[in-house]
Amino acid sequence: MTSSFGKLFRTTTFGESHGPAVGVIVDGCPPRLPIDLALIQRDIDRRRTGQSRLVSQRKESDQVELLSGVFEGQTTGTPIAMVFPNKDQRPKAYDHLKDLYRPSHADYTYDAKYGFRDYRGGGRSSARETTSRVASAAIARQLLTQKATIEVLGWVSQIHTIESTMTADEVTFDAVEAHPTRCPDPAVAPQMEAAVKQASKDGDSLGGVVTVVAKGVPAGLGAPVFDRIEADLAKAMLSLPASKGFEVGSGFAGTKMKGSEHNDPFVPGESGPQTTSNYSGGVQGGISNGQDIVCRVAFKPTATIASAQQTVTTDGQTTSLAAKGRHDPCVLPRAVPVVEAMMLLVLADHWLLQRTVNID
Amino acid sequence: MTSSFGKLFRTTTFGESHGPAVGVIVDGCPPRLPIDLALIQRDIDRRRTGQSRLVSQRKESDQVELLSGVFEGQTTGTPIAMVFPNKDQRPKAYDHLKDLYRPSHADYTYDAKYGFRDYRGGGRSSARETTSRVASAAIARQLLTQKATIEVLGWVSQIHTIESTMTADEVTFDAVEAHPTRCPDPAVAPQMEAAVKQASKDGDSLGGVVTVVAKGVPAGLGAPVFDRIEADLAKAMLSLPASKGFEVGSGFAGTKMKGSEHNDPFVPGESGPQTTSNYSGGVQGGISNGQDIVCRVAFKPTATIASAQQTVTTDGQTTSLAAKGRHDPCVLPRAVPVVEAMMLLVLADHWLLQRTVNID
Amino acid sequence: MTSSFGKLFRTTTFGESHGPAVGVIVDGCPPRLPIDLALIQRDIDRRRTGQSRLVSQRKESDQVELLSGVFEGQTTGTPIAMVFPNKDQRPKAYDHLKDLYRPSHADYTYDAKYGFRDYRGGGRSSARETTSRVASAAIARQLLTQKATIEVLGWVSQIHTIESTMTADEVTFDAVEAHPTRCPDPAVAPQMEAAVKQASKDGDSLGGVVTVVAKGVPAGLGAPVFDRIEADLAKAMLSLPASKGFEVGSGFAGTKMKGSEHNDPFVPGESGPQTTSNYSGGVQGGISNGQDIVCRVAFKPTATIASAQQTVTTDGQTTSLAAKGRHDPCVLPRAVPVVEAMMLLVLADHWLLQRTVNID
Amino acid sequence: MTSSFGKLFRTTTFGESHGPAVGVIVDGCPPRLPIDLALIQRDIDRRRTGQSRLVSQRKESDQVELLSGVFEGQTTGTPIAMVFPNKDQRPKAYDHLKDLYRPSHADYTYDAKYGFRDYRGGGRSSARETTSRVASAAIARQLLTQKATIEVLGWVSQIHTIESTMTADEVTFDAVEAHPTRCPDPAVAPQMEAAVKQASKDGDSLGGVVTVVAKGVPAGLGAPVFDRIEADLAKAMLSLPASKGFEVGSGFAGTKMKGSEHNDPFVPGESGPQTTSNYSGGVQGGISNGQDIVCRVAFKPTATIASAQQTVTTDGQTTSLAAKGRHDPCVLPRAVPVVEAMMLLVLADHWLLQRTVNID
């Protein structure tokens, strides 16, 4: 139950970072969708470790193995299973963590929940699990591109205190991919890169914000009550490791505006009403209004740092920990494809759901 | 599907603000729980219109009618149905809205989704629907108080640009209820009240932030992947009308901290490890760690304002609208019990789920 | 969780037979469906007590109260709530049952499950709960008639040892409704009626079989694995009080045929392949093939009988019970609209689901 | 959605018979359950092809590959993934089926549903998919044995017209496994074997009945309305390939009894009331009563036969088909572990659910 996401386009993941493999079953993808495996691999590679000096140097080849659900290049309408064997496991590297609780990690909470813990690399709450989400979402992306006109694009808009002011209209996929920070803004990306390198050198870590936009979403996706599209997006984003906050449209800044400033005036448009501003972030009353859906996701600084920290052992003694091993000084660059993935999964689900509403 | 919330403690709501009634079915509440109807009514009354000059003057008696699931003062384990007849309906007051789309309301998106709209008062996306959620959560509150030690308390921590710096440890239920703003902070509550009254006089509206805390949550509630407790809380909060953002623990502010500052050091405690700070907000890896769970929810300024605004008619002509009728210049005071409700529903669900994990 | 049925066309019921009301929320019905309340009432009335001397004489007016989800005669796409106040309650009539367990009733199992029991009339397992199902299904029927070409018709094909050999092609709605047994076969209906009256006189009860057929189901509804259409039908039927068996197509009789006899030969038809026999009962591999879907449901003899029976008290003493009050000597006549209801709910769900599969 | 089964103990399967692999994710199994891989393999082997001359000669090694969810011999509480590579694929053997519809197979219905078909061996509706179910259920079996006292045992009670009259109390696992028919009754098993061999020689096939019993089920599992335990069992069984009917307790035979005969009298027992007969089949009002839960499942004769049959091509021409290849003349012997599997999955789910009901 707790390892599945989505109602109609349904993603179920499995696997720990240091077991034999991680993987995913995608259930509910419509049949006869041509699948480009290279596009799946592209998003997997964007999430991979070892891409640059800014991220973890763990070497995962992450080559997708497709086990079912695609026949002669098209989806069959049945479950699509994809597996990613874990190649560069070093479980021994975690032996020194067996008997203590890393601060702000899931070690203690795992023990509290399960009475038992796979201490090798974070178990299910490891970022490695998100490989499976990205693979599923790469199918969703192909569905939404081929059968609808929906495009999803994310980028790093803030690292530590360094913020970009670029808007959705100014950002391109190529510009995002061109810089190792995945910040497309030449005015601040180099500063971000320098800050991450400095933090790494200091045995410290940085957080930041990913902004993500969906363009071409038809008006009418969502629901007025619990399954508001922004509610499902919020759940999607807060289900990511290290995330601490979510905003749609004006977000927290909007709380300091007045209604007369914040309301988005309607004007006639070619295919229905348009708005002259987008403080709503593309959703009104839980349902898309045809404007860009814009969200921001807050990520805390990585919990694993090389500096010494105070903590306790599993039997309740005070101790000190300085992390060894290969970790990300800043998850933001690798978080971009994962944030995109979660938005794609939500949109695919609501796009399918809407087909059960429009019945003429 | 889209009108239900929760997996084990399941809330299903129905009803429009201007139909005969709104109501709720609560399914999955364990049997033999003594139910105090006065406590349900207390939370309903906190959410009601007409409590003060700061909120809508619509007069709803909102007397709960219990139709099933309680026998001789205790839950039976079967569905608990509660109905709230709509008493002060004035559907005619909405006739002037029939042929236009109110800015930043769900009017246009409803038409886009359903091809059809009950134009009387916002339909399902009306705040009136939240009465049902509060009633369900009042059952959850009694479950979590009687069978566990969990207490949930919310308050208004910001209206427009006026912010309170009070922390969870300083706030009491009585202090929250003592002021019509539901801000317990005597240093800023009067300013907030004045700001709301001024906005009302100006035909304008204000937004703000509700902070909510759960105390006494045992370590171990939640899940490491999609159903992280903060993910379910994020969905819960973003499913509320007018909400635009969610934070747990350090939230967006935490993105500007370094790992060495943000990590919560563990120290030995009486019933397991404690932390000396709580930037995590009581959750690590999606699972509660026994510290207070602290969340903040952003609400935009109310979309309905008396000032004239530009908009379009349903047939695509430009027009102008100045809202008449009874509306809230600021939803924050009434949002407090609703935010508490959503947190209670999430915690009840996870508390029950955890009983299927601990099986010795 | 346990009081809901269906994934997309979702029925959630509440209420005990001797509380204030029973009722239902129908969620997921598409918008803009014209609703004829008289057709809902028709099916409710077919299920009602007091229709003839063959069934219980409890007098329920069962007038449907529509609380939400229909506006200006059409569905809005939001939850449709319907309530049936319990009018002819006689809870005192059950006082003598408070301290004992009726044989083959849910009394003991309720206590075992909930540790607590509403002893008035069977609680949720009372046949009265099926009123809510019939109301929901009456909406489904209008959906399937207006937007598709699906017709569902049930009849009593066996009471005790008296069996009708009429086939689906020979049965009409009017013939079913013309006889108090709801057996349309003039060759056996009078014998059935006499047998029920004799059983009633003897303080005994009879069981039997309802046959139900869906005509006009398009090929392609269902799923190949867990959610086979016959699997969902089986669950639907076995969720009815007093049901003990389910067959689709050849059922148990088919186990005594050889493959060469049982296989349904394909021949070319106007809108795709047709079969010259229908041992499959309209489903192959879990998916409809365009032929009639034919099912049979076994109902045991009513557990409540006036004759003395051996049983035990709640504190474990041997005792004897002879039921008083108003009960059905044979549930079959009233079971017909309920069996139809469950088939309609399954078909509505799968019909909506199929819209998420065909995406061109 | 349609490839998952269970709410709390959740099984999701993937894979076609002629793709690279089939497999399963088991989500919701409690942590710290010691897992004996040999017991999983035992049930897999019981379901395997090639065990005797009575079943298909396709050679699958079916060695379970465990990819996640078990650490140091115990479940971790996270998803358990198991994969079975398809070794003895002969997709070319199906080329002659590409352009026609086999009678009483899912070929035509697949095309009707998906507009597209993997013609190699039945796709998802192939019996090979049930390997995944048996693997998941082998985990459930260990849960129910170690943490509860529940034992599930199935056997072949009928093939074609040859019936065994052995009752649950007379059957042992060893006796079932001792004969290639999986009928433990020495009085009829040899006749069954001879009948299957003769059918095979004749190019024909036979159906039959599997009886399954759960012993040691505590009273109180189930629910009074939609999720009755017999309803979930019915769905479970009718989700199996080739199944056409389901009975619990007296089933269809019970419809010919009178209430005074059919009611199960209560007598005092050591741990609560016992019944002196078990026409109820261990369930009353949808909830287990502590007696044996006894079900019967009808399987049609295998659709694939070597004799020539009339059918149509995919473009609507009349043709004739005589199946080649390796198929079962009678699925009954291999159906036994699969029927057990479905009962185990239902019981595990309800056993976990009941932990959310009893909350003292």
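The chains carry the letters A, B, C and D, assigned in the order they are written, with residues numbered from 1 in each.
Assume a residue touches a chain if its C-beta (ideal position, glycine included) is under 8 Å from a C-beta of that chain, and two chains touch if they have at least 3 such contacts.
Bear in mind the structure is a predicted one, so any value in this text is a computation, not a measurement.
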{"item": "Relative to chain C, chain with the most remote C-alpha centre", "value": "A"}
{"item": "Chain pair with more C-beta contacts, A-D versus A-C", "value": "A-D"}
{"item": "Cα-centroid distance, chain A relative to chain D, in whole angstrom", "value": "39"}
{"item": "Chain A-chain B separation of Cα centroids, rounded to whole Å", "value": "26"}
{"item": "Centre-of-Cα separation between chain C and chain A, whole angstrom", "value": "46"}
{"item": "In chain B, residues with contacts to at least two other chains", "value": "1-4, 7-8, 13, 28, 31-32, 77-78, 113-115, 123-124, 224, 353, 357-358, 360"}
{"item": "Touching residues on chain B, where the partner in the complex is chain A", "value": "1-5, 7, 13, 101, 103-106, 108-110, 112-115, 122-125, 129, 158, 160-161, 199, 203-209, 218-228, 230-239, 241, 243-252, 254-268, 272-273, 275, 279-281, 283-290, 298-305, 307, 309-312, 316-318, 353-354, 357-358, 360"}
{"item": "Touch list for chain B against partner chain D, complex", "value": "7-8, 28, 30-32, 77-78, 147, 224, 352-353, 355-360"}
{"item": "Interfacial residue positions of chain C with respect to chain B in the complex", "value": "1-4, 7-8, 10, 12-16, 19-23, 25, 27-28, 31-32, 65-69, 71, 74, 76-81, 83, 113-118, 123-124"}
